[in-house]
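Next come two complexes built around chain A: one with chain B, the other with chain C.
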Partner chain A sequence: MTRSNIALLVLIAAVAALPLFGGAYALRLGTIACLYAVLALSWNVVGGLAGYPSFATAAFFGYGAYAAGVLLGHGWPLWAAVASAMLSAFVAAAALGAVLLRLRGHYFAIASLSLAEVLRELVNNATDLTGGGMGLNIPLASGAGIMAEATFFFFAMWGVLLATALMAIIVGGSKLGFALACIRQNETASSMVGLNTTLYKAAAFGLSACFVSAAGGIYAAWVHYIDPSDVFDILYSVKPIVMALMGGLGSPLGVACGAFLYLGLEEVVWRNYIQIHTGVLGLLIVLLLLFLPHGLSSLRPDRLWRRAKHV
Partner chain B sequence: MSELLRLERVSRHFSGLQALRDVTLSVARGEVLGLIGPNGAGKTTLVNTICGVTPANSGTVTFDGTDITRIKTYQAARLGLSRTFQIVQPFSEFTALDNVAAAALFSQPGASLKGAREAARAHLAFVGLEAQASQPAATLTLAMRKRLELAKALAMEPKLLFLDEVNAGLNSAEVERATKLIHELAAGGITIVMIEHLMKVVLNVCTRIVVLHNGALIADGAPREVISNPAVVEAYLGQKYAQRSAGHG
Partner chain C sequence: MQAAQILINALVLGCLYACIAIGFSLVWGVLNVINLIHGSFIVLGAYLAFGLYNALHIPPWYAVIVAAPLFFVLGYLLQRLILNRVITAPVLVTLTLTFGLDLILNNAMIYVFKADYRKLTLTPSLGSASIFDVVVPVDRLIATAAALALTGLLYLLLRRSRIGRAIVAVRLDRDAAVLMGVNVPSIYAIAFGLGAALAGCAGVLMALIFPISPLTSSAYLGKAFVVCVLGGLGSVSGALAGGLLLALVEGVGSTFLGPSHATTLSFVLLIVFLVLRPQGLVGRKGFE
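Take a look at the complex of A and B:
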């Protein structure tokens, strides 16, 4: 295992210590941090490794939230609801991916973007199952008290993050990761050396959707009420891309750091510029990407040291 | 000699432009076939049609007894059809070693990444790039990248190897080196179809030559015989070349 992958696991282990230090607010932030990192790491499999700019994250987040939410409403236990959301998301995304991933570049971006809109309309119209625009109430998990529940959902989301990180590490070092790197660099040459590009792209898309859906499922159970405009929010597609860019495309450690940094910025900016927070946040992101185009992972202590010596 | 590849009345057009017209061609096992013709004659299209990049609109392609007319590119690669590109197509961020490893890994079902890297080392050594193994492909010179393409093609353990202008853009010393490699491959028993503009190389290496002109085959035969064919002289070689080679011959 490479040094950066070990660092990623250490970072995630450190996040798990959060309940020792903070109250309900810290737990809430921690849960969102884990959620963001899951989304960004999953996006990275398709966007960072294969180089396909996917805007489908919101679609699978919403799908997972609704699939798990509906099942929980029917009295399923949380783990079973999330597991079936994951499994069905994998199958559906792999099948969809085999079709969508034939498009390249901007065309793929737009097609993946419309996926969330299509799902949103479906959910809006399937009123009997999903409650339509009225939203869906999800039964409380238990009456164990606020702190106990916050801790429980923090660790549930943290567990999904750990699983996603392990997936990202395994994919990175496997034949699948190698294939995706080939596809990113030269898709024509890839198929010429015997690489079944459709199969590998679909597998990557499915894997990515699978972990996003798990996060969606946990989110739904955590907030107890979801509606289409909340879980199919386009920002769930855009934010992971910004996080991955800020952290450094392709590297799981960089992407996870990017997610945490993004949440930090969002939190600080929101608190201090309540009226114009999106504007300030946008400006900060633009500045960051202007001066650090390859993200945080391009900041290495040895390089900084070299630069300092030359000044 | 038994037949390895057979094209039966293969045609291909691109919205009105007839790139290949009724090409019938047979390639025997162990032969080194030269495919020549003016630019735009359809030479690369012919290779693309056989390898499944632009499948034939009509006609059939048979490889080693199997009909491959409608085959997908990656399936063709796994069957043992491999090629180099006229314009080199490396995985530019990968090292030279990983470029070749990719070819070894995906062309053989069940290959492992570790095994593929080991196999890649041997192929890099064969083309004389072992010193550049850990260098990113983007930093290699054109001549090196051409040899890298060859190593990639060889790592696929081809039965039939297409060489698409492997000598274009190389200086004479580099051409000599490439020609020597092709000789070694042919001696090793790989069937080769080479697209080439350098007549010196063609005459030196090929056992048979076919000539394409406007998408149709206009000549097929032994090298000396083909280059003295008046139709070939008119379409491709030009009168001066014919006179000169007649004088030498």
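Take a look at the complex of A and C:
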């Protein structure tokens, strides 16, 4: 267990203390913070470790939301609905990944981007099952009261975050993480020395999809109403990338910090510039990529010190 | 007779799709950048045509002459000032950067023009032409002819002009082009400017036919993607072939399966092509 992984677990434990401090707003913010961190950490397994520019996060988020939502509508308990969404997402994504991950670079990016479009169209057209464009109402869990329910969903999302972080740490330290790093460095060479690259890439894609769809399932139960344009929003694919870039690609701690920081920025921007919030997000992306390509870790104080000395 | 009508519709729509995709394909092929601003450029071009017609009564087929230089300068500056700084970075960075730029442009358009759908209505209307039972609106025919003319113009430019040959040379082998004395950053900026100009012109033509709204930009971008992959990256004829194929598949699909499945069908086609034939129908290394 490295120092940064311990710091990550401490950070997540600190988030769990949130209900002690605030009311409904803090809980809502905390739930979204956990959701974002789950998306960013899951993206990092494919995008950060293996270096594949995946834009499929929205597809799996929407898939999880709809799979769990439909099952909840049939009277399944929450844990069972989310668990089956996870399991089916893992299987489907690993199978899809084995095909899609043969593509590289731009082609993979486009193929993963279009996954969300395809799923959105399918959901839109399967009106009997999903309500189509009208959206899907998800029954209220219980009459336990607003605060109790908010606390419950906060801890549910937090639990998914903890599981995702443990997954990220385990993957990072395992043979799978090592293989993914090799693939990022030089895929052809890795397969030449006998690495089964297809197997590892598919496993990474599946794992990523599995936790993203768990977050989607909890999200659906939390907001009680989902519609295709909401849960298959392309921004769900792009935001995790921005978070990972902000915190620094590859390291789970950096990515989680990036997610929390991003949420903070988004809250400030949303509140003050509601009309132009996507434009400000775009500006943030451009500035980040032009001036801080390695995320906020390129702002290390010792570097500033060194630069000052040379002047 | 229904088959003839589907075929004619596909032919008309296919040329327009090619026009949407060709600037995108040029930028992707030469700069190796997926230009996600393309859709918003098209919508901006449509607004330009809308404004010119309503304010000065300049019909869209003349507005192309205004749009082309304007968008060229816009694209040139954008590449020089912003995109050129990350041009050697991994795919993820260039892709995310153009996405950020698109968010800015699109949000600005929603802020300025609002998200309402508008329509450029020509007065008097041009009516429609019909041969036997096959009916085509005249404005569509004009837009198709203009789209074909633009495509042909780009082909000639790449084939005959000095700059065009330099663009093809950079696309074929960047390092060799440098050794032959080609100023690569300048060629990159010119290619991006050309891509933007083509997007603007495509937008002007789209204004003639389709409703205008900032929200339609992602649909145009999606079409450009699919056409590029179907036709094969990096050729004018590829964009034409891809556009025609997509229009045909959409037309046949929406006739037999219903219009709500057209998008799914085109994306399924995209995935199939990506996996089985990523070089597209007529893909090859040179760009002409």
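One rule holds in what follows: the second predicted complex is superposed on the first by the 293 of 311 C-alpha atoms of A that agree within 3 Å, B and C clash if a C-alpha of one lies under 4 Å from a C-alpha of the other, contacts with A are read in each partner's own complex, and residues count from 1 in each chain.
Please note the rule applied: a residue touches a chain if its C-beta (ideal position, glycine included) is under 8 Å from a C-beta of that chain, and two chains touch if they have at least 3 such contacts.
None of the values given here were measured: they were computed from a predicted structure.
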{"item": "Which superposed partner A:197 touches (first chain B, second chain C, both, neither)", "value": "first"}
{"item": "Touched partner set for A:189, first chain B, second chain C, both or neither", "value": "first"}
{"item": "Partner chain(s) touched by A:181 [first = chain B, second = chain C, both, neither]", "value": "first"}
{"item": "Touched partner set for A:103, first chain B, second chain C, both or neither", "value": "second"}
{"item": "Winner by number of chain A residues touched, once chain B and chain C are compared", "value": "C"}
{"item": "Overlap of chain C and chain B interfaces on chain A (superposed complexes)", "value": "none"}
{"item": "Residues of chain B defined as touching chain A within the complex", "value": "51, 72-74, 77-78, 82-83, 85, 89-94, 98, 102-103, 105-108, 112-113, 152, 156"}
{"item": "Contact set on chain C toward chain A in their complex", "value": "28, 32, 34, 82, 85-86, 89-93, 95-97, 99-108, 111, 218, 222, 225, 229, 260-261, 263-264, 267-268, 270-271, 274-275, 278"}
{"item": "Complex interface listing, chain A residues touching chain C", "value": "47, 51, 53, 99-100, 102-103, 105-107, 109-111, 114, 117-118, 121-122, 124-125, 234, 238, 241-242, 245, 275-279, 281-286, 289-290, 293"}
{"item": "Touching residues on chain A, where the partner in the complex is chain B", "value": "174-175, 178-179, 181-182, 185-186, 188-197"}
